[in-house]
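Below you will find the structure I want to go over with you.
In order of appearance the chains are A, B, C, D, E and F, and numbering begins at 1 in each one.
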Amino acid sequence: MFLPILCVFSLILSSHAAVQDFCVGDLAAPEGPAGYSCKKPANVTVDDFVFSGLGTAGNTSNLIKAAVTPAFASQFPGLNGLGLSIARLDLAVGGVVPMHTHPGGSEVLLVTQGSICAGFISSANTVYYKTLKKGDIMIFPQGLLHFQLNGGGIPSIAFVSFSSPQPGLQILDYALFGNDLPTELVVGTTFLDKAQVKKLKAVLGGTN
Amino acid sequence: MFLPILCVFSLILSSHAAVQDFCVGDLAAPEGPAGYSCKKPANVTVDDFVFSGLGTAGNTSNLIKAAVTPAFASQFPGLNGLGLSIARLDLAVGGVVPMHTHPGGSEVLLVTQGSICAGFISSANTVYYKTLKKGDIMIFPQGLLHFQLNGGGIPSIAFVSFSSPQPGLQILDYALFGNDLPTELVVGTTFLDKAQVKKLKAVLGGTN
Amino acid sequence: MFLPILCVFSLILSSHAAVQDFCVGDLAAPEGPAGYSCKKPANVTVDDFVFSGLGTAGNTSNLIKAAVTPAFASQFPGLNGLGLSIARLDLAVGGVVPMHTHPGGSEVLLVTQGSICAGFISSANTVYYKTLKKGDIMIFPQGLLHFQLNGGGIPSIAFVSFSSPQPGLQILDYALFGNDLPTELVVGTTFLDKAQVKKLKAVLGGTN
Amino acid sequence: MFLPILCVFSLILSSHAAVQDFCVGDLAAPEGPAGYSCKKPANVTVDDFVFSGLGTAGNTSNLIKAAVTPAFASQFPGLNGLGLSIARLDLAVGGVVPMHTHPGGSEVLLVTQGSICAGFISSANTVYYKTLKKGDIMIFPQGLLHFQLNGGGIPSIAFVSFSSPQPGLQILDYALFGNDLPTELVVGTTFLDKAQVKKLKAVLGGTN
Amino acid sequence: MFLPILCVFSLILSSHAAVQDFCVGDLAAPEGPAGYSCKKPANVTVDDFVFSGLGTAGNTSNLIKAAVTPAFASQFPGLNGLGLSIARLDLAVGGVVPMHTHPGGSEVLLVTQGSICAGFISSANTVYYKTLKKGDIMIFPQGLLHFQLNGGGIPSIAFVSFSSPQPGLQILDYALFGNDLPTELVVGTTFLDKAQVKKLKAVLGGTN
Amino acid sequence: MFLPILCVFSLILSSHAAVQDFCVGDLAAPEGPAGYSCKKPANVTVDDFVFSGLGTAGNTSNLIKAAVTPAFASQFPGLNGLGLSIARLDLAVGGVVPMHTHPGGSEVLLVTQGSICAGFISSANTVYYKTLKKGDIMIFPQGLLHFQLNGGGIPSIAFVSFSSPQPGLQILDYALFGNDLPTELVVGTTFLDKAQVKKLKAVLGGTN
C-alpha cells in the first residue's frame, strides 16, 4: 500500500543521471579547469571511493630519508571534484621533506608516529616553525614555502590532507636544479653562487 | 556611415565561440565536476532556456499524497552552470514530503496555494518549523534535514528554488529502507528496532 | 542507558558556535565581500527563515503597470550567504519590466498567472524571446539585458529566483536617464539623439 | 651592497596588512558567510597554526562505544578560511558512529588502527560500503548519509579530513529524536511507528 | 649520491598527468561551465603562455574612433581556468567605447597614453566618472554599465584586465539596435521613441 | 506623467544598502577570509575606484635594478572583493625580479617598454621561459616559481595583473635568507652549502 510513493519521486530517483553527488574521475576522458570528466554513475562501485595505497610505508632508503605517497585525484579518482586529497609521509631518522610549496591548496599535517619539526614562511617573510609530537596537527597555508624534518630518534609517520584534489607540489631544489633552466638564469634570479648552482644541478640531474 | 563600428568589435562579436554567457548542457557529452559540457552556441535556441513542465499538477494519488516535479539541469539543461534550479511541489490534503536533504544546495520554498507546515533541523540540533500561508517563503540551508506537510483543508502548491542546478535529493526513508543496505547495518547505525526496519523495508522495496 | 552518547558528541553539539549551517544577516554589523555578518545563532528563530512579503500584489497603478517586490538578503536576511534569493513580479495588462540586468546573478522566472513575453540578449548579440504561459519557466543568464512584458488580456504574476542573495538590479532607463550623468556623456556613449535623452531625463528625474 | 633590494619591495613587505596568506579566526569578532574575522597578523604566532588535541584517545565508555574529537575552525581557528579541517575518531570494539551527514563538506576517512566498516548512500539511493583496514582511505561526498562501525576485534582509530573548515555534523538520531520536534511531526515525516519514536526520544532526551 | 631522491618523488613527478598547475584550453574539445577542456600537458610549450596580439594598435579609422583587441581565453587559451584576461584599447582623439557591460567579470583599466574619461553606473543608480591620466587605473565592478571616452588632444591607449578568462562583452547599442529584436519590443522596454529606434537600427544593421 | 515608475522600484532603489555591486575596503574594520569589510556605500566616491600610483616609475637605483609598485587591495581598497589587482614593474638595464611566487593568484604580465626575459617552472618541473617584446603578454599560473629579467639594452616597463585582489608575494631569497629561519634549517631543507646560506643571510639581513 505504501508503494505508490515510488512513483511520486520516480522522475528524480529513476535515473543516476539526474544527480551529481560525486564525479569519479575518468582519467581517459577530457579534463577541464574544474577536474576530470566523470565516470558514468552506473559504472561506479564502492571501490571507486576506497584507496589502499597509504597502508604501506614508502621507501626511505634514499639520501633525504623520506618518502611521500600521494592519494591525489590522479591516483584516487574518487576525489575528483570533491575539494580535498591526502598523502602519507614517511621520514626516517634524519629524514627531510625539502622546502616546497603546493600551488593549489592548503595542507594540514597530522603526526601519527615520532616527532617532526615543521615550518612555513609567510608572504610577510615571517617564519613559523615548531616541533610536533604524535597527535599534533599543523596547517600550512596555500602556496607558501614549507618543510618537514625528523629530528627525533625514531622514524616518523605523518598524513597530510589538502584543500584540493590536485594541490600540486613544487619542490624548490627540483625547480631550481633538476631541469634545463640555464645556470645563468638560476644564478641571476636567486643570487646563489654559480658553483653552488652547478654542484646541485649535478646532483639532481639538471642540465644547461 | 555608422557601419564601421561593426568592424571594431568584430574580433569579439563575430564568433559565438568567443563568449560564454551560458552553457546549455549537452547531456550526451562528458560531464565534469562543474556540470555538463556545453551545447554549441550556434545550435542554441530560445527553447533551450524555456521549460514547460511545471504548469501541470503532479499526481498526488499516492500514499504520501504528494508530488515533486523537478526542473534541475538534467530535465532543463539551460540551467547548467548557472547556479540555480527549481521544482514544483503538490501536496494534497494531508500530503507530506518526507524528511529529506539536498546535499548540493540551499532551498527557498514559496507557497502559491493553501498552507504548508515546513521545518528544518540544524547541525546544532535546533528545530525551526512554522506553518506557511500563501505568499510566504521559507529558506532551508544546504544539506540539513527538512520536511513539508499540508495540514490545511485544501490542496497546496509550492515552488522551490535551489542554489545549484543539481542540488540532489536524499529522502531519509528511501536512503534507510529502500535499497539493499543490510538490516543489521540500518539497525546498528540508527538504533531503530529491527522489526521497525524490516516493516519499512517491506513497504519501500528494500532488501537484505 | 543510551544517555552517554550525549557526552560523546558534546564537543560538537554543545555550542552553537561550533557550526555554521547558516549566517542570518545582521544588517547593523560589518558587511564583507561575501555578505553581511552573521546574527548570533542563539538569537536566531524560525522567523529569521520565513518572509511574508510576497503574498500581496505590488501596486501596478503606475505608468509601466508593473511592480517588483524583492526578497533579497537586505529584505530577508535569512538568505545571507546561502546563494539564492527571490522576488515577486506583478504585471497589469500592458505592464512591462523595462530592459535591465542583474549584475550579480542568473534568474529563473516562473509564471503563476497570465502570460508574459520575456527575452534576453546575449554577448554574441543574439536575441532569445518567447511568450510564456502559466507554469512555464525561463532562465536569464547572469548580467545580460532582459525584459518582461504582459501582452495578454489579464494581469500576470511571476516569481523570479536568483543565484545570489544580492543579485543587484540595473534598469537601463534609470541608469541612463535617472541620475546626474551629463547629457553629453549619455549622447556620446549611446548615440541617442540629444532631444531623446533630454526628454527621458525630464521624465525620470535626471539632471545635467 | 645587496641591501638596496630591501627598499624595492618595501611597499609590499613592510606591512603585515599588505598580505593575506591566512586568516586566523578571531572567535570574538564578527563572523561572516566566509568564516570568522581575522586575528591581526602581528599577533599571530606559530601556536595559531598548531593544534594538539588529537593526540589523545576520546572516551569511548559510552553506549555507542565511540568518540569524535574535532579540529574544526571553532576549535582550531588557524583553519579559518583555508578550506579544510580534520577530526579524530575512536571506535571501541563494537563502536559505531551513527548515520549522519556533514552539510558543508566532503570527508576522507583514514584508518590508522584496526578495521572499520564504513558506507554512504547516494542521492540515487545506491549504497556503497566496505570494510576498511589499516591504511585504507574512503571518501564520503558532501551532504550524504554515511556511517562507520568497528566490527573487528580490536579498538579502531581513524582520522577524518573535510573539505571545509566548518563542515557541520548532523547525526540522524539526534536530529529526529534529540530535540523538541513533536512526535507527530517525526512520525508524519519518517513513517516510523509512534512507539519507536517515543522510545528513542526517551533515550536521547527529546521532548514533545 | 644524491640521486636516490629522484625515486622518492617519482610517483608525483614522473607524470605530467599528476598535476594541474594550468589548463591550456583545447578549443576543439568539449567546453564546460568552468571553461575549455585542457590541452595535454605533454603538448604544452612556452608559446601557449605567451600572446603577441596586443603590441599593435587596433584600427581606429571608424566612426567611434576606437578599437578593442581582446586576449580572452578564446584568443589566448593559456588563460583558460586561471581567472583573468586582458585586452588593449585604442582611442583616437574623440574616440569612444560606447556604454557596455561585461556580464562575467570586473575590469581594471590602466591608461598608458593620453587621457580617458571613464565612468560606471551602480545598481543604486549612482554615477561614478572621472578623467584619467597616464598611469591612472580605474575599476569597473562586474556587470555594471560603463564607458570610456578620449576627450583629450592626443590618441589614448589603455589596457584592461578582467577577473575572468571569458568576461563577455555586451555593448548597449548592439544589444538594442544591432539584431532582430522587434522595434516594438525595443520601444516597449526602453521607452525610446520609435523614430529613434528605427534610426539606430538602420545604422547598426538591425532588422524587424 | 512617467514619474510613477519611481515608486515601482523604490523598494529596491531607495536604499544603497539594498545592493552590493562593490565592497570598497574599509582597512580599519574587521577583515575576513573573503577580504576587508565594506565602506558604507553612501560614503563611496569615484576616488575610491581610481588609483594614481602607477604613473610614476619606481626607483631602480638598487642592486637588483628593479622596482615593483603594487595596487593590491591594501593600497587600492576599491579592488576589495572584485577578484583582481594590478602592479607596475620597472626594470633598469640588467634589472631582475628574483625568483618568486604569488600564493594567492595567477598573473598576466604585459610589456609596455623594452623587452623582458620571463619564465616559470611547473609542478611537473618543466621550465617555460621566453624573451618578451613590447606588447607581448605572458601568463604565470598561480603559486608557481617565476622570474623576470631585463636582458635588453633599454629600461623595461611592465604591468602585471592578478586574479586576486590580494595575490601575495613570496620572494625566494627573502624567504630563505631574509628572516630568522636558522641556518641549519635552511641548509637542511635546501641542500645549499652552509657558507652560501650565511653569505646571503648577511646580505639580506637574515639572522640565526
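In this text, a contact is a pair of C-beta atoms (placed from the backbone, for glycine too) under 8 Å apart; a residue touches a chain by one contact, two chains touch by 3 or more.
Predicted model only: the values in this text are computed from it and were never measured.
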Next item on the list: Pick out whichever of the two, C-F or C-E, is joined by more C-beta pairs in contact.
Entry: C-E
Notebook entry, point to check: Same residues or different residues: which describes how chain C and chain D meet, taking over half shared numbers as same?
Noted result: different
Note to self: Between the options B-E, B-D or C-E, which interface matches A-B on more than half of its contact pairs by residue number?
What the structure shows: B-E
Check: Going by the average position of its CA atoms, which chain sits the greatest distance from chain E?
Finding: D
Notebook entry, point to check: When the centre of a chain is set as the mean of its C-alpha atoms, what distance in Å lies between chain A and chain F?
Noted result: 26
Next item on the list: With chain centres taken as the means of their Cα atoms, state the distance from chain B to chain C in Å.
Entry: 21
Next item on the list: Just give me the whole-number Å value for how far the CA centre of chain B lies from that of chain F.
Entry: 42
Notebook entry, point to check: By residue number and range, which residues of chain A touch two or more other chains?
Noted result: 2, 13, 15, 18-19, 21, 30, 32-35, 82, 103-104, 119, 122-123, 125-126, 129, 141-144, 168-169, 174, 191, 203
Item checked: Interchain pairs in contact, sorted by label -> A-B, A-D, A-E, A-F, B-C, B-D, B-E, C-D, C-E, C-F, D-F, E-F
Margin query: Please output the residues of chain E touching chain C within their complex, sorted ascending.
Written below: 96, 98-99, 101-104, 117, 119, 121-123, 125-127, 129, 141-145, 147, 149, 168-170, 172-176, 178-181, 185, 188-193, 196, 199-200, 203
Item checked: Contacting residues of chain F [partner chain E, same complex] -> 2, 13, 15-16, 18-19, 21-22, 41, 45-47, 49-56, 71, 76, 78-79, 82-86, 105-106, 108, 110, 112, 119-120, 122-126, 128-130, 132-144, 159, 161-164, 191
Notebook entry, point to check: Which residues of chain C touch chain D in the complex?
Noted result: 1-9, 11-13, 15, 17-21, 23, 26, 29-30, 32-38, 80-82
Item checked: In the complex, chain A residues that touch chain E -> 27, 30-35, 58-64, 66-70, 72, 74-75, 103-104, 166, 168-169, 171, 174, 203-205
